[in-house]
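You will see two complexes here that share subunit A, one where it goes with subunit B and one where it goes with subunit C.
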Partner chain A sequence: MVMAQTEKIPDLIGKSVPRIDVREKVTGAAIYADDIQFGKKLLYARVKRSPYPHALIKSIDTSKAEALPGVKAVVTGKDFPNRIGLYLKDKHIFALNRVRFVGEPVVGVAAVSEEIAEQALELIDVEYEVLEAVTDAVYGATPEAPIIHPKLGEYEVPNFIFPQPGTNISNHFKIRKGDTEAAFKECAAVVEKTIRVPHVQHVPIEPHVAIAQMDETGKVTLWASSQSPFAQRNLIAKTLGISQSDMRVIAPYVGGGFGCKAGVTMEAIPVAIATKVPGYPVKFRLTREEEFYTNFVRQGLTIKLKVGCDADGNLLAMENTMYWDGGASTEYGVNITRAGGYSSTGPYDIPNVKTDSLCVYTNHPIGGAYRGFGMSELHAGIGQVMDELANEIGMDKVEFHLKNVVQGGDTLATGMKMHPTGLSKCIEKVADAIEWGKKSPPSAPNKRRGKGIALMWKAPAMPPNPGSSAWVEFAEDGTVVVGVGGQEIGQGAFTVAAQMAAAALGVPMDWVRIAGPLDTQYSPYEWQTVASRLTWSMGNAVKRAAEDARQQILDMVAEAWDENVDDLDIVEGKVVSYKSERDISLKNIVIYGIPKENDQGWIGGPIIGRGKFMPTYVTGLDKETGQGQRAVVHYTTGAQALEVEVDLETGKIDVINAVSAFDMGRAINPDLVHMQMEGGFVQGLSSAIFEEMMLKDGYMQNPSFVDYRIATTTDIPKKMTTIIVEEPQDDGPWGARGVGEHPMVPTIAALANAVYDAVGVRLDGPPYSAERVYMAMLKAGVVK
Partner chain B sequence: MAHHTITLTVNGETEVVTVPAHMTLLEMIREELALTGTKNGCASGECGACTVLFNGEPVNSCMVLAVEADGATVTTVEGLAHDHQLDPLQEAFVESGAVQCGFCTPGMLISSKALLLRAPNPSDDEIREALVGNLCRCTGYVRIVDGVKKAVKIAAQSEE
Partner chain C sequence: MALNPTPGLPPFEYIKPASLAEASAFLAEHAGEARPFMGGTDTFVRMRDKAWHDKFVVDVKNLEGMRNITFDPQNGLTIGAAVNMNQVAASPFAQEHYPLLVEAARSVASYQLRSRATIVGNICNASPAGDTLGASILLGGVLHVYGVDGERDEPLSEFFHGPGKTNLKPGDIATAVHFPLPPADAVGRYIKLNRNNDGDLAIVGVTVLGYPDSATASGFRFKIALASVAPVPLIATAAEDILANSPITDDTITAAAQAAMDASTPISDTRGSAEYRKLMVRNLVKRAVSDVWGKLQG
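What follows is the complex of A and B.
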């Protein structure tokens, strides 16, 4: 492996160049999936959904809907009997025989207008036999609970997911390291705590939308707001019996993803319907209400923790039992459970660990990927028990964290060796910036101030071998076109890819274009835009493609000039020789090649660079102990510190100051990194204070922006500081790791710890709404 | 289904459109005029992505019927720049890093434009108050507020 530290860092790396997509986006010119015009043949799909959390389908009568003028297709589960799923294949595109959550698709309709499609839904009669619903994951894991997937043992599943047929447990990940029972006896202080993190929704401002069309030869095109065009091609094609090469996915800009547009969510629905009406494009878009209650969710978590340390504050043991509310089926839930399991200690060095991470089927919406992939929920618990344990042993929290955090070379709970990490530096920097240990006076007599700190780590949670690829081509004027398969979802992936290509080639930034929109027919393969993996994985592919192109150019010029390649370089779009001091612009030569002297023929030809990257070193973990050589590719770490003010009369929390520091190895574009830290923090704050999908008996009570509140302009702290720490990644491009998800991960615990510091109360979980904080203060006798 | 023919001014151009009675202004702008810069985020007046200037006032175009726009003057995000010259707000949003996924951006720009039309030099709190109905999930709003402040400076410089 090349050590990134020894490599020369080009000037463009670490430079805050402006986003390359920004002009399109401020002028309204940027195209999103719903903006594509399809003309008069366009059909609109609507879906009749389950009104029950758990029921058997006794009969479906679609005859009246089919007879309605303007209706072109009506489909049910029987039309598409194959199962679909990213990890565990446990669901159907439309429910077959049984419904498992309120909102599950049962019948699909395509009509000439959305109004007619809606009318058709009203004409469909579905008869159900209602079953007992499971609406609590802890209960769902017991033998008394009704079984939601009786055929669990028949489902196709990869070898790192461990379902337990005959139960509702779709994955059980274990760690057994050392002897926790014996170690707890040695502890001077032990804290036990149960935290409940409610379901939350992603809330991208752009709702899901997908348009599909099948042509007369059976080839299918899907246009979708998508983080995963290649995964969608693969999964949808397989389920519908289409060759992957006959399934084309075109994915323009995404108006916010946060994980909800990864894997296959609703995109298979218009494709399935389109196969019944060849020649017609079929558009399906979720209403905001559907976006809330039918779309994949950040699943709820009940986490039971026990952690202990010796009299000097050294952590000795942890027991961690997590019940993930995976919902009706588990597109991602089983792997979130796994990620929660192998990262279950948080970023702490603990010699004795016992972890049980269980994904449990319930009759709730389906658990999907959500920025942080289980880590915000896990750290909501870890961050608070560590705070309490430091209190318990009477040690300053910053000192306690510094004493116990993982360092490079530590053996982690899975047996993996930790790589160098800047976590201690992150802790020191946030403590410094928040003026840790200094108490500032409240702004009014009825208010109390407090400070809190919390840490995090997160590894990209993926199969062992997710691949990236890229190509680099040129236009006659020397400008560069970079092909990527990773998506621009707002995080700045296209800008960073262009920046890396420019840096590796030696051309000015404004010479580089990204080939878009993503199109599986032309774009190079990329597993998915998830896991904060693009800067690192796709970045490696882009860098290699650019270096490959550069090598081809230098070889060509060396031959033409009869010089040694080692004496040549590309600087600012020109090939220069340090030996002969000649130079030549890339213009024209990158397409036409270079003429030999005296018209004696040509050298070269169109340059096309290619690059790929795939981690090859991730190993399996033992099913019973969770032990293995290398569980993950790497960990990004960080810390957050908050100062809050709590109003004793209302329970309202104001964040006075928020400081974040993360170690992303190398900030390719520091401004974009700061933007991730700011936006991520506010999303985390929103989840900590406001957000909860209120699920009652399986029904969401608050599926609108009025009743499900997210942070607005008036909720953000007046002071926010974001700090970059760089401890280079050995196999990252110029040392880079991802940082997209991480900034929201420590926020719930940091806020909870600050509130505790201010008023001495903790809730059993978020949201820390004014009402809940006030009630907790009342109960604790803080207010009367 | 009853249809109506209406005449209105959109981004300085006179448009004559025949629309069904129940069509919203948002649908008309996006589907009849193909001005897709105005976004549909909730269709229920809660997210602000579809904000347009309606006779100079910011409105959620999903909550206005197209027929109500008969005789009105409407400005969408496409009408902010003139002769390829960005509006100071657009320029400031670029410079401040106020844009990530970009889906809330058109509505944010229009609400900010409405603010600056009535209060050319707003305070921080006025900016936050004016944008409270425009939801953004990416940026954490900080740089959007900065962008509006920067636009005031850019506009002042160009007048000097």
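What follows is the complex of A and C.
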């Protein structure tokens, strides 16, 4: 492994260069999927959806819809019988025989206008036999619950997911380390707690949109607002029996992803329909309501925790049982359950651990990736029981955390050795910035103030071997074009890739372009834009591609000048020799090469650098004990401290000050890192106070922004402090790790702990809405 | 809340009459399938949600006088039906003489929506959550209506009958709302309890207007209107009486707040439970009356 610590850090690394996409986005010039024009042949798709959470499909009559003028295609589940799924293949593009959630696609229609497609839906008759629905994951895991996927045992699944056929449990991840039962007997204090985290939705500004077209030779192109063009190519092609090379995905800018545009959701629908109408582009856009209840959701979680420590505050044991409300399909969710399992201790060093992380089928919307991938939900529980345990044992919370957090060299609950981490530094810095231990007076007599702190860790959750690749090419004027397959979803991935390429090559930042939009036909492979993995994984590929190109240039110049490569360097777009003090611009030579003296021929040729990265060291974990050599690639850690003010007359919470510190190994672009920390905190705050999919008997009660509230600019605290901590990653580019998801992970617990400090009450889970806080205060006698 | 609204608006015909008479005749002729149209902030949403099925949308916002806002030092303020809420909030006359109305208008939805939404539209929509309804009633507002039988005035105190139900009949077009001069030295306050700070509907809204009144035992008159806690904007008369009949003390205010809570009959919905709403009526009436009382004492 490259030891990042000993490497020279180029000037551009750690420099807050402006985003390279900012001008086109701010001016409105940036192209999104819905902006692309397809001409007069464009067809519009609409979908008839299940009105029931759980039912058998008895019959479908599409004859009247097919006869409607303007309708070009009507498709059902029978047309596409193969299953699809990222990890567990348990989903159909259109429901086949059975519907499992309200909003599941049943019939697809393509017509010459969206209005006609809508009218066609009204003409379709579907007869159902309604079945008992499972709307609670804890109940769903019991033997009494009706089985939602009777064929679970037949589904294709990777070897690190453990379904239990004959039940609704599609993954059961276990850790058995030490002896918790014996250890609890040694504990001076034990806290037991159950926390419920409701489903939330991603609510990107840009709803899902996808357009697909099959040409007469059977080749398919998909244009989509997508975090995962390569995964979509692979999964959709396989399911529809198309060669991956005959399936092309073009992915322009994304107007917000947060995980909901990863994997495959609605993108398969226009592709499936397009295969029935060769030559016609088919466009499918979701309404905001569909966005709310038909797409990937952040799964609900019921987490039951028991944690104990000795009289000195040393953690001795934890038992953690998690019931993940996976929804109607857990194709993606099974791996959230796994991530929740292997990270189930939170960033604490605990010798005895018993974990059961259960992914449970329910008749709720389908769970998928959501910024944090299970960690916000898990830490909502962990962060609160640790706070309570510190209270129980009578220890200052900061001291308690510092005593118990994981350190480099610790053996984690899975048996993996922890790498160096700056978590203790993060704790000290947030405690300092929030003035921990100092009570500030409230702004009015009817208000109370409090402070809370919570920690987090998160590893990129993915298969063991997700790959990244990149290429680097040049134009005649020396400017650099970098090919990547990772997506710019607002996080700044393109800027950081360009910055890394410029730094590794030795050219000015403004010489670098990113080849876009992403296009699987030309862009290099990237697994998915998820898991906060791009800066680290794609960054490595970009850095290597740039270094490869640099080496080719230096070799060429060394030959032309008859010098030693070791004496040459590239500085500000020029090759320089420290020995002969000659220099030559990259212009022209990167395409045409260099002429030999006296017109005796040429050296070199078009430079093209290539780089790849794939972690090769992640091992499997034992099915019964969760033990293995290395569960994950690494952990990004951090801490958050909040000061809140609670209004005793309404229950409303104001965050006075929010401090975040995270260890991302190396901040390639500090401004972008600060923005991730701010944005992540706000999203965390939003899910802590406002957000909740109100599901009643499987039906969402608030599928619109009128009643699904998210934090707006007016809800953001006036004071937000973000702190960078850098403990370099051994295999990260210049030591970098990702930090995209992490800043929202500790927020629910930090807020809950601060509210507890202010008014002495806790809820059984978020959201900490004014009403829920007030009613809890009323019940506890804090107010009358 | 519709689970399956249409992607766009359902088809409708857009009618732009040249005069109030023409508009009124058309609306009367197409009773039940035509609707006068102002900013559209409710109309389009309801049509897309398939809650309203009008075939005709009758645009009356450009008819004569609809966009005028005028102040007469003797008679008061008249706001044309098509004057948007941002214009009301920015009016120097409204700011100087009717700050309560400005405060209420500024709490509606978001700035963007307030550049379309109107006070008269808010009134005609008759949502129990309407933020400007309380202020409009307490300030003695009168709606000018043009109907098939000619012009008439509708005092807002007797205008509302239920959610979306008012004295308006087919063929009626509200043309303006008029406010007489407020009582001397009046002080107002609108407290809107919402889930987050911008762009939200009221869980509970409390409007209070107080002024010196030699006819009462306390020497002051307090008027109180409540939003989102009854089918119509609720006037808390029992609370008003307590504040008129007893010297204004903390205990009197507490008793008035309790009376307001007892009078309210909210429902439970996604925004809040009935129980919480009632408690908030108590707490916020107390807060609003105390604020007003503090200002009245100078």
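The rule we apply is simple: the second predicted complex is superposed on the first by the 784 of 784 C-alpha atoms of A that agree within 3 Å, B and C clash if a C-alpha of one lies under 4 Å from a C-alpha of the other, contacts with A are read in each partner's own complex, and residues count from 1 in each chain.
Heads up, the rule we're going with is that a contact is a pair of C-beta atoms (placed from the backbone, for glycine too) under 8 Å apart; a residue touches a chain by one contact, two chains touch by 3 or more.
Values in this document were obtained by computation on a predicted structure and should not be read as measured data.
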item: Subunit B versus subunit C as contact partner of A:649, first or second or both or neither; value: second
item: First (subunit B), second (subunit C), both or neither touched by A:293; value: second
item: Which partner, subunit B or subunit C, touches more subunit A residues; value: B
item: First, second, both or neither for A:114, with subunit B first and subunit C second; value: second
item: Which superposed partner A:56 touches (first subunit B, second subunit C, both, neither); value: neither
item: Contacts of A:27 with subunit B and subunit C, given as first, second, both or neither; value: first
item: Contacts of A:37 with subunit B and subunit C, given as first, second, both or neither; value: first
item: Which of subunit B and subunit C A:770 touches, first, second, both or neither; value: second
item: Contacts of A:699 with subunit B and subunit C, given as first, second, both or neither; value: second
item: Which superposed partner A:253 touches (first subunit B, second subunit C, both, neither); value: first
item: Intersection of subunit A interface sets (partners subunit B, subunit C); value: 287, 704, 706, 710-714
item: Of all residues in subunit B, those that touch subunit A in their complex; value: 30, 34-44, 46-47, 49, 76-78, 80-81, 86, 90, 93-95, 97, 99-106, 109, 127-129, 131-145
item: Interfacial residue positions of subunit A with respect to subunit B in the complex; value: 18-19, 21-32, 34-35, 37, 202-207, 253-258, 287-288, 489-492, 671-672, 675, 678-683, 704-706, 710-714, 716, 720
item: Subunit A residues touching subunit C - in the complex, by the definition given at the top; value: 46, 49, 102-103, 114-115, 118, 285, 287, 289, 293, 649-650, 652, 689-690, 694, 699-704, 706-707, 709-715, 769-771, 774-775, 778
item: Complex interface listing, subunit C residues touching subunit A; value: 1-8, 11, 193, 195-201, 203, 270-273, 275-276, 279-280, 283-284, 286-287
